[in-house]
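Per-chain numbering from 1; labels A, B, C and D assigned in written order.
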Amino acid sequence: MSANNLVSINNLTVEFKTELGSVTALKDVSFDLPRNCITAVVGESGSGKSVTSNSIMRLLPDSAQTSGEIILYPQKSEPISITSLAEKDPRLRSLRGGLVSMVFQEPMTALSPVHRIGDQVAEAVLCHREVSKEAAWSEAASMLEQVGLTDVQQKMRMYPFEFSGGMRQRVIIAMALICHPQLLICDEPTTALDVTIQAEILVLIKSLQQKLQNSVLFITHDLGVVAQVADRVVVMYDGQVLEVGDVKQILKNPQHPYTCHLLASMPGAERRTTKESKQKNWAAGAALGGGTALATAEDGRQVREFVR
Amino acid sequence: MPEPLIAFTRSIMSKLALLLCILQSIFVYAADYPELWLEPARSAAQLGIATFTQSPFLEEQNLPPVAERLPDNPPVILPLDDIGTYGGTAYIIADDIPMFFSHEGLVTIAPDLKTILPNLAESFSYSDDGRELTLRLRAGLKWSDGHPLTAEDFLFTVNELQLNTEFLPVTFRDFVGVELRALDELTLVFSFENPNPFFVNYMAQSPDLFMLPKHYFQDFHPNYTDREVIGERMEEMGFSNWSAFIFTSMQQRRFPDLVNQPTMRAYKAESLTPGLFTYKRNPYYFKIDPAGQQLPYIDTIEAQDIRDNAVATGQASTGQLDFSGVRMQTSEIPLLKLGERNSGIKVSIWNRIHGSDLSIQANLNYADEKKRKLFEDVRFRRALSIAIDRDEMNEIIYFGRGTPRQVTVLPNSDYFEPEFASAYTQYDPAAANALLDEMGLIDVNEDGFREFADGSQLTFALEFVETETPKQVSMELVTSYWNAVGVDIRMRIIDRNLQYARAIAGEFEMTLWHADRTTDILFPINPDFWVPRKLAASLAHWSEWSRWYLTGGELGEEPPPNIRQLQAWADEMSTSMDPARRVQLGKQILAANAENVWTIGTIGMAPHPVVTSARLKNVVDTGFWGWDIRWTMPYHPATWYLAQ
Amino acid sequence: MKKYILRRVLGMVPTLAVISVLVFIVIQLPEGDIVTSTVGQLEATGVDMSDDRIESLRAQYYLDQPLPIQYLYWIGNFITGDMGFSYLYAQPVNELVWERLGYTLLISIGALLFTWLLALPIGIYSAVRQYSTADYAFTTVGLIGLATPNFLIALILMYLGYNWFGLSFGGLFSPEYINAPWSWARFTDLLAHLWIPVIVIGTSGMAITMRLMRANLLDELEKPYVTTARAKGVPPLKLLLKYPVRIAINPFISTIGLLLPTLISGEAIVAVVLNLPTTGPLLIQSLITQDMYLAGSLIMLLSVLTVIGMLLSDLLLAWVDPRIRYERT
Amino acid sequence: MSELNELTPGQLAWLRFRRHKLAMVAGGVLIIFYLFAIFCEFISPYTPDQRNARAINAPPMDIRFFDADGQFHPRPFVYGWELNINEDTWMREYQEDTSTRYDIQFFSRGEPYEFWGLIPTERHLFTVDSESEGYIHWFGTDSLGRDMFSRVLYGARVSLSIGILGVGLTLFLGVLLGGFAGYLGGVFDNVVQRITEVLQSIPTLPLWMALSAALPAAWSPLATYFGITIILSLFGWTTLARQVRGRFLAMREEDFVVAARLVGANDRRIIFRHMLPSFVSHIITTATLAVPAMILGETALSFLGIGLRAPVVSWGVLLQQAQNYQVIVMTPWLLLPGAFIVITVIAFNLLGDGLRDAADPYSSLSKT
């Protein structure tokens, strides 16, 4: 198992404590991330996709209580139990940005507005390797070229707000890949982008994965995107894993009714009004949770707003 | 003569002189000060002092020898306790500068609060008709820059400034009818239109009005210097004209040009920075001690410009000041006494010269007819006076050590009678109520306060400046006493500038001031609190009558006959050559005041703390504190020294 | 950028013009004028004054002219650098003001630095350790500083300063150094006295600065770029200081100019209590005595400084924050 | 979890506020202080101007349950004091005389007064027998022998109300000008902006001083009080106006305002019905934080001798009378009004903090 899998998640449960009681974000989630493979996690917002990825990066807020285990099997070193690392453990720092790195949903705000592009990309190198600043900058330049930026030397002196969204996302991808992570987590990296740029970024991620031979955990709510990039799919709903499998198998032959409805609501698959698809969606949820699912989902949303 | 011999002779001589002085004083010692202070200072020649010494501070300053800097025959001042030693820097606050070194005039004031003694003048005499005053200057007096002081300086100041209508459009009252001429370089003769037996008192009390260094100021005076040149100088210094510049020089303690101006006082301004005024000893100061040492003893004075009273009290009580008087308050005596035990300072309790710390005045010339009628009614003033519980005030504010009294002269004055002080001071609220009822002031609406006879509301505004004496706290008490007899009074503290403007314009309803001019120095010449003859911040109760008097009936309001009588008495008192007649007139004036209660007094001769550091010596243990005698002038501050 | 500066500088002109009119009106408001005041003072020293003398004085000071003329006379001279003549001090205002202004700025800037050096780190700490005991403790201490009237703190500190350290009461120097030329000893003496006013004025702004820093930082800590940096593996302390703190501090830079009037007002009261040779007591004294040119020119000068301060802090902000720099060019 | 659904926004805010323990305490303290201020005539044993010539500058008295022999008395009492003026130190020395005991009586007769100037009565919350020689000065007395406890209470009425009144005025100006500036924009906005800028550039102190000095002398204490309040708020509105303007600018573009405008609501209606309520919570918070500034402003004016003046009793006036060196060294209890100022200002700040957190719909309820 460990020979093929980079990460295994076993019985992961995450709860958020609040003044008004606790909210369970993940319930007993288990799945594996194989090496050299793009795994997509699909689900509507609030289904626990991001909590899962943040758990891997240990980016959950202090109010989160975690049980279960996440184990990382790096290529050339001992396995690391991510969930049991202390906050001050040096391994955690080498994990973040080193072994595992992340691309975020909002390219517009994910970069510091007051630091130069080059500085922010090179910093990732400086954090993990003992190199000179010049070396880090030149490495950053070549990485930025790899993600498709031109005029790199000049662009590295610019600030994020001078960039378009697509360019920023390329910068973030460069920043994420510059230390050759074994796992790249992409948390809805294209949601905030125009459709044309979305495609470009997806192509970029896919091609880079093939080039670098690493694993990618791709989080999205869009099955169309899944079809485009993923090798494997994990379907989540309300903090639970409903279905795991090969992308083709799941898209062609979904086992779970919720997956079916997700597929049905895909704009590309069947063009219906959003409202209808949503109703279907909820209906599916109702079928799943036995009548109260809808209410539960709504409650969850309200509480989560507070939790934020 | 070899050095040791000189020193030996000097010491023998000085010891002899000292012995002589001490012997004299032992026989006639009566008060807290040497009886000798009541007599004209002996001269060096009289005491056989022939060698003079100076402060080491002055050596190597390329000055002429001390004997040449001193006048030909310097006056010898007997220190209070012992012959001092030279040196040191005295720390005071700027407000105490006039107390720490006095003005030096032709004549000066003795500590008995009566006698006028020669000072820069060696002698003075009146003609029999009192119309001529002849003064003879000491020979060889010099300004602080070494320039000789002669009759010229006085002629310049009196004739070309005080009597110059360009400089002063309206001549000061006390200079009206005065002429000054010099018989020679050292002899001055003042002649007067009317007999003026008290002009010497005025000269002694206000010496600064009589002498400016001509050799310095002639460069700014159009009689001596081209107006265009003066104009340029004024432009440079920021003054609009020459008279503003000289006027400022005469009055301003903060004026930076003082550093350049020669003086006759014991100290000369060295630098005036925002926070600190530094004074250095005047190398040409004219007085010596019985040992032949040139006075003063102290070399340097550093006066901090301190505004906040807490800082002043804090510094004084912790021994950071060598002398502090003007900012000290009666209420703070316990704190200062605590400092005496903890910090080794010395707290002397002097008596304020004020006949009463408060002179409460209702405006007898007030524009509002209804209120004026009240104020004019003697029953109203008497009622207010006897409604005040002065004994309680004395206990609460003065630790029981003041004297309840009306506004009148001090007991040691020739003009004093005990009943002047005690009239209408006995606390009797019932009688006060009866008087007010009798006037028809009844509390109609039963709000606790009386209304006018016609039932309209009756409140009084009493505005005053919180300065020198404890006025606010006194008024808080007085307000409550008056409220208790149904008189509604609203007090408000105002700024000094407003006090003056509104007092002379007669705009106050009621106000108050502290009552000085209570000694035989100033009372006979300026009985201002008792007779309407002057416009001043302190005299707000009959400004229109004063204006009438001052303008010869042109402006103001004609006073009623009894007031005109008062003015006539005062005029006669200050011009009569018959001492008995003067005393008679003075007593008539004071008796009329006691009867009419034109101003209401509270507590007088109040204890005033004077703080000295452990090292400052020769300061009297008790004295009178006030304007009449320029605070310390009779107590010879030039003889104060700092013990090592 | 140059265009922006030019536009801002030109924009200051009408503001300053309005301020000058307002200042002139304000100093005319209270009853009385410099003449009643001088005359009152002279009279207190025993000089008799007459109605004529007062009128002639009034003419000397141009007080018999209509107000608009007086205004133009004053502001015209002010623009040419002549701040008029102080009747109270019998000196040109120019000579009176500059040294004191130096001390005022020294104390004000010292207080500002004191506040920031203490309050900003505490604010950062409070934000990172929100609701911890230390957070509450710092907040309370800061609030006590804010809540105690400045003159009271000054009085008490002065008392303690003497009792504990033997410091002389009030002033910026020990008596022996007040007039001494500048030397190392005088400088250390200044520092030994400077801390009292600096603390007194500084404490009042502490609570607000702490609270603002805390709130700003809490906002910034939520921003995605912080997560990005964390995900990058930036060490925690470096991350905190390089990203959110750097941005949370920017608003403070923009308020430097606005703080000046507050600091100067606070300084004035403290300076009276502590007897400091600054503009504060001069300002209060001149207002009380109606020393028109001194009061007017001083307020005007301080306002000009404030307006310039606002401009400088805007420029400074543009310099440290590229977003603003680019928006405005 | 489902109970959350039923909470109104107000209830949610209360939940968030309650979590702020310090703010709760501060709120409690302020309620007590305001009750003191409202009922000061009744609570204080004496009237503020009543003098006790036998207790000048007397230190605070101990209120006892145990007598000198250690015996417990259910009714609290004070001992009589003997006054002795020390001839050398000039100090008034007070010695407890354990042979005279004065029980504290509740709801008893004392100095007559008019409650709220309306109801004449002589009942006080607590006194010692007014027929007897005894007296009770819990906070000591001042230099005229007036009871400091009573004076602090009467001072609370003036100082605390000046805060509220002043802030009320400030709010009125700030919200009105800032709101219209933000909503209308254009010339009006520009004018308000310039005025704000000008007012913020001038040091406030001279403005205060000049205006206070310009208050007519003949004004009654009450009129002066209102005058000072107006002066204090005249320069406080600029900050609030800026904030309100900023909010309005942001909100003007928001959907619900646009919607209201499309429906045809007029400007006034839009401002007052739609925009204002949406940040009332913000205004309340700002107001709470502005009250202490008013109280401190009053103190500063009193310090300079240009604020309220005796016989008006306010904390600022009381502190002004205590601002000398002697008080610090010898009669520190006269600084007690200062302590009340400090507590009040801190309490308002903590309360404001709590209210802000409570009012912020985005503030987190999560535990840390």
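Going forward, a contact is a pair of C-beta atoms (placed from the backbone, for glycine too) under 8 Å apart; a residue touches a chain by one contact, two chains touch by 3 or more.
Keep in mind that what you see is a predicted model, and the values were worked out from it rather than measured.
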item: Given chain B and chain C, the chains that contact each of them; value: D
item: Chain pair showing more contacts of the two, B-D and C-D; value: C-D
item: Chain of greatest Cα-centre distance to chain D; value: A
item: Distance between chain centroids, defined by C-alpha means - chain B, chain D (Å); value: 46
item: Distance from the mean Cα position of chain D to that of chain C, given in whole angstrom; value: 27
item: Distance from chain C to chain A - Cα centre to Cα centre, in angstrom; value: 52
item: Chain A and chain D, separation of their C-alpha mean positions in angstrom; value: 55
item: Where chain A touches two or more other chains at once, by residue number; value: none
item: Per-residue overlap in chain B, given as positions that touch at least 2 other chains; value: 310-311, 314, 495
item: Shared-contact residues (touching 2 or more other chains) in chain C; value: 31, 155, 159, 272-273, 288
item: Interface residues, chain C side, partner chain D - complex; value: 14-15, 18-19, 22-23, 26-27, 29-31, 130-131, 136, 139-140, 143-144, 146-152, 155-156, 159, 207, 211, 258, 261-262, 264-265, 268-269, 272-273, 283-284, 287-288, 295, 299, 302-303, 306-307, 310
item: Touch list for chain B against partner chain D, complex; value: 309-311, 313-314, 317, 331-335, 337-338, 341, 392, 395-396, 399-400, 461, 463, 472-473, 476-477, 479-480, 490-495
item: Residues of chain D that touch chain B when the two form their complex; value: 49, 51, 53, 56, 85, 88-92, 143-145, 213, 217-218, 220-221, 305, 309-311, 323-326, 329-330
item: Complex contacts: residues of chain B adjacent to chain C; value: 91, 168-170, 172-174, 205-206, 209, 237-241, 244, 248, 251-252, 254-257, 271, 273-276, 278, 302, 304-308, 310-311, 314-315, 318, 320, 495-501, 504, 534-537, 550, 627
item: Chain A-touching residues of chain C, taken from the complex the two chains share; value: 223-225, 227-235, 242-243, 246-247, 320-323, 326
